[in-house]
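Structure provided below as structure tokens; questions to follow.
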């Protein structure tokens, strides 16, 4: 078995539709895989290619194109190499196969993603338990359309009595008030 | 388990005989380290209220507020940062970014209170116990969040420059312009100082973003002479740029040029979207200099019929005849002027008021008149013999050069004066192959000319003789030459606190002979064409108009501006006068402005 | 021998027996969030059969501030003060990783001197963090003296930080592009004195804690992480090293100047709480060794900050990277995604406590005596704030 | 704040199910009444001030500087200040910086379980005006809307020295009989409860945790 990440990917390309391969640096390779094959592909990397360590899994919200991109960061201890597996899933019908059987701690990540983004991972343990939040009844807070500032202002109130002045406006009002009031 | 394991822990008793760790009076004994990031201090006199600290604060802990006794002035907004210690996290980014380094931190850290609204104070202004503390966090000299060095602009080597009237400053490349624009902190202090109040931070932003079309639109909101100003503006904005406290200020003028250089003239109309809808009213403008044409542009945009009367054969006024083409190439000036004329502004050349057209006609025939006739009478040296034929005026020399005439300066020239006209005359003479000596009453630092101009003149080989006061001009042995007598001066501090005065030292006199002497110590205006009955209604001072709000005079239809009506006598002020008068005329003609 | 016997005697719970809370055989108790026997602000929901834990559920989120959200709406420089707050007792690693990730994406290289200063800062932080932890493990097994000593010595290390960076806890020293200042005058000598003091302390702790019969009796055999558990649970750092894995990012994938330093990767074999403590104890010595080398070899002049764009409108090119470092608990990582704007598209902070305090803790707690839960938890070295962020 | 209204009836406890309601007291807490004789009250205050028991609950990052405060170098014990593991024994609550909504719920329970008169010291900037987390969706910005605070110590983190100074300040305040947060809470209980319930969505505990 070759340890060279590129040949691994080449080898796997025969069976999987790997796209957007990018070598970010010597020890990090990014690639994308269709949703259907993702878990099988990750299993293959873990069992066949020695990528035994799941550093983390997370998601990137591309709200403008309506997708969530899941990232599974796998690590090969022998080769000291990371592969980031990207999987695009729909932003509205957010569901993804669970990988808690491959790594126990993946269940915790999946719980977090369920809570913070609303992604469902059927079968993942304690998935619907509260993780960080309690009694949350808004849209999941990490989704990009959630505006944390206005939420905080409405809910927790800033202390009153603060006023700020814009230097440019202030100078304008005092030094040349009539020089700009037209067109 | 062994006996050793049982006994081993009793080793702790060994410590019983040592000096205890406990600090007896921790509160008193432990001031913060010399670098400790404690409570803020601000040196109010050094702070310019640019608000960069407020911008960078990720916690919104800083408000810019008015402080009693501090008024806005050029380069200082008069505001000072007020800290909310219910927000501050003592990251000291505000200290790092502070343009003047006036904001610092003390090493005090104790503040306990019952009332949460207490934690608000204006550093330096409010009486806090840590004000003036010696220790505390300061930005390290080798650590910068802002760059103090300006991006250098490529320029013609002095020896090359001397050979022709080719433009000396080459302009920024796109890359350089972005790099320079990146230094801006977007505080906007420059806006108040710019006579035209251009939206400087906004157009610099467009350079950064590479959106030159938007940049041009922003420029034309306040300045239709952007190509010109991008080259020869007196850039008072740069003098107040807070980034300058860290080294050099932003090259605001050149960034303006960077925008205009990248937009072809043919696309102006399309980009600016100027549509003229005639409103039937007619305005006369006297003088096709920057002031007059600026007014023409803004009035035309609002649909006024505009007729410009120009005594010379070409438009541009002092920009055309007073600024040599190695600083402002003709085609660049034309770029600005052509666009204004393309909107349908009619210019009548070789038409002088009082000669071809009478003042009263203008007042009677037009709905309003804007007068920006400029200064074209050289000031007198007020020394004996100054009407010597070999004493030329700086303006005349420049005028001749601009009109492709030989001013005949000779091989050996003395230029008297320290302003931009003097520098221009000196450099033009150098290009004519003359050796040039510049005589100036005060020191180089006191010269009203742009530092770059002075620097370039020196680079091109002009000799500067400072603290030199002309005393007499007399005939030389050779009738084609002239002799000047000048005396050395000592700078004497002014009792009233003004700038130091040069005082002639009569025992140190010099006598030198030149092919010609170029006098360039300033200009005055001529207002003789205004008939007496009108004259009585208008206010004058030192031979200039004194306009009221919106550049209006007591003669309601008459608006004035430019060098003849202000004391700064530079292009950008004239442009603003024109723009402001256009505002005023519009208000006047729509009935909003009642004098 | 005696220790293993004790454990065996304890367990009365049948393997995989269903837990019926109504049966009266079990009792459910909460440890935390307000409890002296919990690390930080988190909670364990324990089901007990007698004093044996038969089920454990962790509850986190008491410290959740939504960092990843907040960082998405701050500019790159504005994130620099905030990242250190993610892991309170060990902020510097966050600063370094954030800076390193941003530098990588922006194509900035920090100068050599900054690299040395950063390494020194990280190693000092490791020492301070381990000292705090050592006190914690002492205290959780009833050895409160250790706690008094180590926290005080940690304070001496914090004094060094105060001199070097201007703050005790949140240093905000490693800034994208370099560091904020060089070392103050005479710092090296004071640092060496502190290191000497800590080294002496470590020798004493060897005698007072590691040879202590009580500590041995309680920590040995507690919370054994089998070799097979390590990868499926994502166990890293000293916890994995105590199980015999020689994995250390400082050696395996050297960053900063670690490739110029001479140090050993400490491992253990027993993989119980005692072994984990021992590994960390030994690592502190290695850390001190490293710091002495750093103080010796570090360049004392030259720039410590790279040329930076104007941070007020700093746009980092679109890209994505994962940067990691070996913190006291293992692989600490920052995953940054940028989209070419002034703001981050996404940041994910990978803290080792994430798995240690939840998946691993839930597994190891089962079968443990309730009295040892605190010790077990400390032995895994977890920081709740980095779980919840 | 609303007017002090003690004529209100028992607490509603409407967050609890009917069966649970029987298990909890619905009595309203009573404000602390000073001893009628001034000297006695002064003496009692002096005693109180010199045996302050802090609740060991690290609610936020501020807790990290409590460790040095309680250990050898700063040794707060000598000032009559020491941590206790349970609210029943504690009289001082040190709010360690920011409070997330989830923690706030536990803070309320712990605070109510403490024996009166009790004192609250808020550490750091976050309880004052949100601090670092002013825009976070999960941390409160003004802590005094939910629990009365007797003393604020600014800083991020406040150093052990200033914590110590804060303790001394608190002692002074108690001796002068001005530390009345406890009574403020009870007298304006409904106002505080309304604030608390507005942000704690799953209010499943009694209105006052006796």
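We just call them A, B, C and D in the order they show up, numbering each chain from 1.
As a working rule, a residue touches a chain if its C-beta (ideal position, glycine included) is under 8 Å from a C-beta of that chain, and two chains touch if they have at least 3 such contacts.
Predicted model only: the values in this text are computed from it and were never measured.
Listed here as common contacts of subunit B and subunit D: A, C. When you average the Cα atoms of each chain and compare centres, the chain farthest from subunit B turns out to be D.
Work out the mean CA point of subunit A and of subunit C, and you get 24 Å between them.
Between subunit C and subunit D the centroid-to-centroid distance comes to 31 Å (mean Cα coordinates, whole Å).
Separation between the centroids of subunit B and subunit C, computed from CA atoms only, is 55 Å.
Taking each chain's centre as the mean of its C-alpha atoms, subunit A lies 38 Å from subunit D.
Across the assembly, subunit D contributes 72-73, 102, 128-130, 132, 134-139, 142, 156, 159-160 as residues in contact with two or more other chains.
Touching of two or more other chains is recorded for residues 132-134, 141, 146, 148-149, 159 of subunit A.
For subunit C, the set of residues touching two or more other chains reads 61, 64, 66, 69-70, 73, 81-82, 148-149, 152, 170. The touch graph of the protein chains shown is complete. For subunit A in complex with subunit C, the residues that touch the partner chain are 24-25, 27-28, 30, 52-56, 58-61, 71, 73, 77, 80, 82, 84, 102-105, 107-109, 126, 130-134, 141-142, 144, 146, 148-149.
Interface residues of subunit C, counted against subunit B in their complex, comprise 2, 74-75, 77-82, 143, 145, 148-149, 152, 159, 162-167, 170, 172, 178, 180-182, 184, 204, 207-209, 211-214, 216-217, 303-305, 307-313. Remark: subunit C residues 33-36, 40-41, 61-66, 69-70, 73, 81-82, 85, 88-89, 132, 135, 147-149, 151-152, 154-155, 158, 168-170, 385 touch subunit D in the complex. Taken together, the subunit A residues at the contact with subunit D in this complex read 132-138, 141, 146, 148-149, 151-152, 155-159.
By the touch criterion given at the top, residues 159, 161-168, 170-172, 174-176, 178-183 of subunit A touch subunit B in their complex.
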